[in-house]
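Chain lettering (A, B, C and D) follows the sequence in which the chains are written, and residue indices restart at 1 in each chain.
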Amino acid sequence: MSTVRDATYELLRRHGLTTIFGNPGSNELPFLAGMPEDFRYILGLHEGVVAGMADGYAQATRRPALVNLHAASGSGNAMGALTNSWYAHTPLVITAGQQVRSTIGQEVMLSNVDAVSLPRPLVKFSAEPASARDVVRTMGQAIHAAVLEPAGPVYVSIPYDDWAHETGPEDAHLGERTVETAGELSDGQLADLVAALDAAARPVLVLGPDVDSARGNDDAVRLAERLGAPVWVAPSASRCPFPTSHAAFRGVLPASVAGITGLLSGHDLILVVGAPVFRYHQYEPGEYLPGRHCPVADHLRPG
Amino acid sequence: MSTVRDATYELLRRHGLTTIFGNPGSNELPFLAGMPEDFRYILGLHEGVVAGMADGYAQATRRPALVNLHAASGSGNAMGALTNSWYAHTPLVITAGQQVRSTIGQEVMLSNVDAVSLPRPLVKFSAEPASARDVVRTMGQAIHAAVLEPAGPVYVSIPYDDWAHETGPEDAHLGERTVETAGELSDGQLADLVAALDAAARPVLVLGPDVDSARGNDDAVRLAERLGAPVWVAPSASRCPFPTSHAAFRGVLPASVAGITGLLSGHDLILVVGAPVFRYHQYEPGEYLPGRHCPVADHLRPG
Amino acid sequence: MSTVRDATYELLRRHGLTTIFGNPGSNELPFLAGMPEDFRYILGLHEGVVAGMADGYAQATRRPALVNLHAASGSGNAMGALTNSWYAHTPLVITAGQQVRSTIGQEVMLSNVDAVSLPRPLVKFSAEPASARDVVRTMGQAIHAAVLEPAGPVYVSIPYDDWAHETGPEDAHLGERTVETAGELSDGQLADLVAALDAAARPVLVLGPDVDSARGNDDAVRLAERLGAPVWVAPSASRCPFPTSHAAFRGVLPASVAGITGLLSGHDLILVVGAPVFRYHQYEPGEYLPGRHCPVADHLRPG
Amino acid sequence: MSTVRDATYELLRRHGLTTIFGNPGSNELPFLAGMPEDFRYILGLHEGVVAGMADGYAQATRRPALVNLHAASGSGNAMGALTNSWYAHTPLVITAGQQVRSTIGQEVMLSNVDAVSLPRPLVKFSAEPASARDVVRTMGQAIHAAVLEPAGPVYVSIPYDDWAHETGPEDAHLGERTVETAGELSDGQLADLVAALDAAARPVLVLGPDVDSARGNDDAVRLAERLGAPVWVAPSASRCPFPTSHAAFRGVLPASVAGITGLLSGHDLILVVGAPVFRYHQYEPGEYLPGRHCPVADHLRPG
């Protein structure tokens, strides 16, 4: 059985975040107790120094850096340094240890009440997962947000008792997925995409509202006809990306894991354009489509 | 076995909040499915009307009113009306149904992302419990905050899957406690306090930092000597309220449930002055002292 | 001619805030350039130390302490220490130097963009005056908020070019007024109030909505009859505190400075109960009533 | 003499925002009193309807739409509808009328206290200019933020007395500039850039820190040598984009309007890469370089 801590270390490793800059306290112990051998911890005795070291390391290596802070007091100590990281566009992934979930609202010692507001407006993304089951995904989103241009610091508050929780099927998917971003498809990205489409025996198109807002509707029809692929509209789409009378049109996907897996499980390639993958509504947990997708937020909520 | 839903209805009943004004959606169903017979639900088809009705009801009855809204969209619809409630000092206790905990961060349909920020700056208190185990206590704090002068609206976002959780020992205590607030002790409050002290065979004093900041140290010594009671300093006190060389001084209380119960369980009355009851640190769950206290935040965190 | 700087120093002097703890930068120069001889500046070379010294000084003297920080970077450096001040209920009045007003939005170097959010949730009150003309009043409100129980830190961001502005008539009033707060009137406060009413030849009552919400309507009638005083309802009241058919009733006050001065200028004592003094609406500047009132917010907006 | 109102209408006209959806109150009168003939105002009697119409109009026209709301109450009424606009990525430019600057802090009727927090987290950008002199630039930034992908709603609170202020030289520049954004330079943008460089007799390069973070340093040297252009480093750069021993290197630009105009005024084309244009520090107002630049924030501050 894997824990949130194991899955988080695996996620960090996949993103090359194996150097941790920090100044921990008691809230951070359950995370650090399991630190694998291939990680190293650079200790600083004041968080201003810790954040400064991490900023320089990220700038020098041109990669994101991981910062491990202690609750509100440690986070507060680092906030002067964050003014520099913000304007230098330095991708810092900051984690702050939180108290035991059930006790935060009591304002026990070292609880970080309203942790999400604390680092604002000096971070691009600030979150405290609402459940232990959402920690790994939140960390994935935070890393993504930090490096997305313009890069910058992000903040995740993680409760003490979350690290020992067992992971679910979502977390396995998170460890396997690859995310690339681009202002425009590069030649290499385009070639990869074409190759994947060429290799697919039973591709399917899922189109979302941004196809319509970008006036890509005619292109969508041409693509569907060229591929000979069926077309679904993404769950809960706010605009119509495809003519519903077209022979390739199959309908609107239901807004649940089980519902989508039931309808799309026969295909060997799913190309989603102009929509999140996927925006669910009903909570009907089930088997995810193998190796293909995981729940994501489709754009970055500020600060 | 009692659930969070049962305990919340019991808490509402104790505070006379048995009339609910609302416009619910799917997120609110697990709460409403178990609505007891002695509650009534006043339905409005737009949240501006719902909040307006509740405001008028609260003003007319001179009591707090309960408002039941749907996620971010329903809460947003009510926010114009909240400008009136804020300046009229109307004690509205607003609950907003949230999506399933593990899916909020994915921004599934009807999730209320960063729910705590949404109603600001038009509420006195805004919270989303970090755990199902903290829902009942959060509701208790919200009701208290709403009616504390100057009164005003408060907001609590409650995840879908919390209502069915089983309650813990904290929740039982919450259902039994009585909270009164006063700018100064009234004659009646004073008489009750004196009577309780007179009746106590083995009273104990717990003194906190506010005794020192209010220069009440000498009064504290006089009180301890008059009562012949031992004196403990509250956990993690930032100031010293009592001379540590005094014969009645017993030490500083440990900052855990189990630790405090171990030390204070022999007494039949605990008088805490100038401190929260209690501010814990270490998470060492245990038996609470019977019928006497529960974890609380000692002052209101704004908005 | 007096400047905002002069009036601010006068306000600080009246509240005994003549010891300043700080670590200034360029934004703070126009304030410090005019520091009077009776003020002293305790310099610390890191804001964590500055805030810590101020906290200890305030706790030891049992009075508020003034902290002078530099923009977002200096404020950020102090935020770790604020976690202690928050829970110790230490009244710290923190000022942060801001850039020139017209350039803040450009995010010039050392601008403190969204300064009001920066110190949250670790302060009771956070503000940046929307105009140089509101700096002195904002500082007065901040001092009041810091010491109002439960006491705590407050934050005011002040633009560089505000200090040299000339003051208006509001600021003179601010320098003269006295504010007292109490959970319940003390014997001394009650005696002062009775003496003032006895000495008044032409008193007038202004009643606000809180008279009604506290069910004080009958008391209000008795008071008006005992005094033989005319009764006005406060501007824009949300509840009716006095029977409008009573012989003493004069109407609802208009919501402007000039309007109120016109109606109340003949009286030698104005007693306002259950309302702000005064909540205006229309901007009709004019002569304020001499020595009696100034515009105030009637309750504290959180954080 | 031009006013902030005139310059704002001119800015709106340049961006095609001549249809206004709104439900105004008294705070909005000074803006609407001067509405030019080529603008039209679509009135709705509830802000939920107003925001809904504007959202549909923006989606149908695939252009941003202007929404004119009234203070906190009107803005609050629209916030339910904003949940849809946020997830539909609809570019809504929302203006909210604010009270007279000097009276906002008093919480006069219809003041929108802490206006910047009110619409969060449902907008991409939220601001209240700190000065009448910054209104037009703020509106320009808001429009840019609304349409920048992923598009979405933005919010600007504008005080009553700002509209009649005279504009300064910055505002004239704002009316003339053109901003384009792209994930990657399109063929047309590239051709325009090459043509401008070919046509320039005395071009100059200004390089910023993002040249270094993108590892573009060698490309920068090649470009400077190809053009035979002198190279300056942008003011207050956090990273070094160009070898300081290179013959083309001229130094680091000073961080003031007057300083930059003094050094760059001989050139007929200024190409700035990897930096804001320009990030000032010292407030030394002066002549801007003709037709070439204006102060900007280099990336979007969230929410």
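What we mean here is this: contacts are C-beta pairs under 8 Å (C-beta built on N, C-alpha and C of every residue); 3 or more make two chains touch, one makes a residue touch a chain.
If you're wondering where the values come from, they're calculated on a predicted model, not measured in any experiment.
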item	value
B-D or B-C - the one linked by more C-beta pairs in contact	B-D
Of all other chains, the one whose Cα centre sits farthest from chain A	C
Intercentroid distance (Cα basis), chain D paired with chain B, Å	45
Geometric centre distance via CA averages, chain D-chain C, whole Å	34
Between chain B and chain C, centroid-to-centroid distance (C-alpha), Å	29
Per-residue multi-chain contacts in chain B, two or more chains	84, 87, 107, 113-114, 117, 121, 298, 301
Chain B-facing residues of chain A, complex	98-110, 113-114, 116-117, 127-131, 133-134, 137-138, 141, 159-161, 168, 235-236, 255, 276, 279-281, 283, 295-298, 301
Chain A partner contacts - residues on chain D that touch it in the complex	59, 62, 84, 87-89, 121, 124, 150-151, 182-184, 209-210, 213, 215, 238-239, 298-303
Of chain D, residues touching chain B in the complex	46-48, 71-84, 87, 107, 113-114, 117-118, 120-122
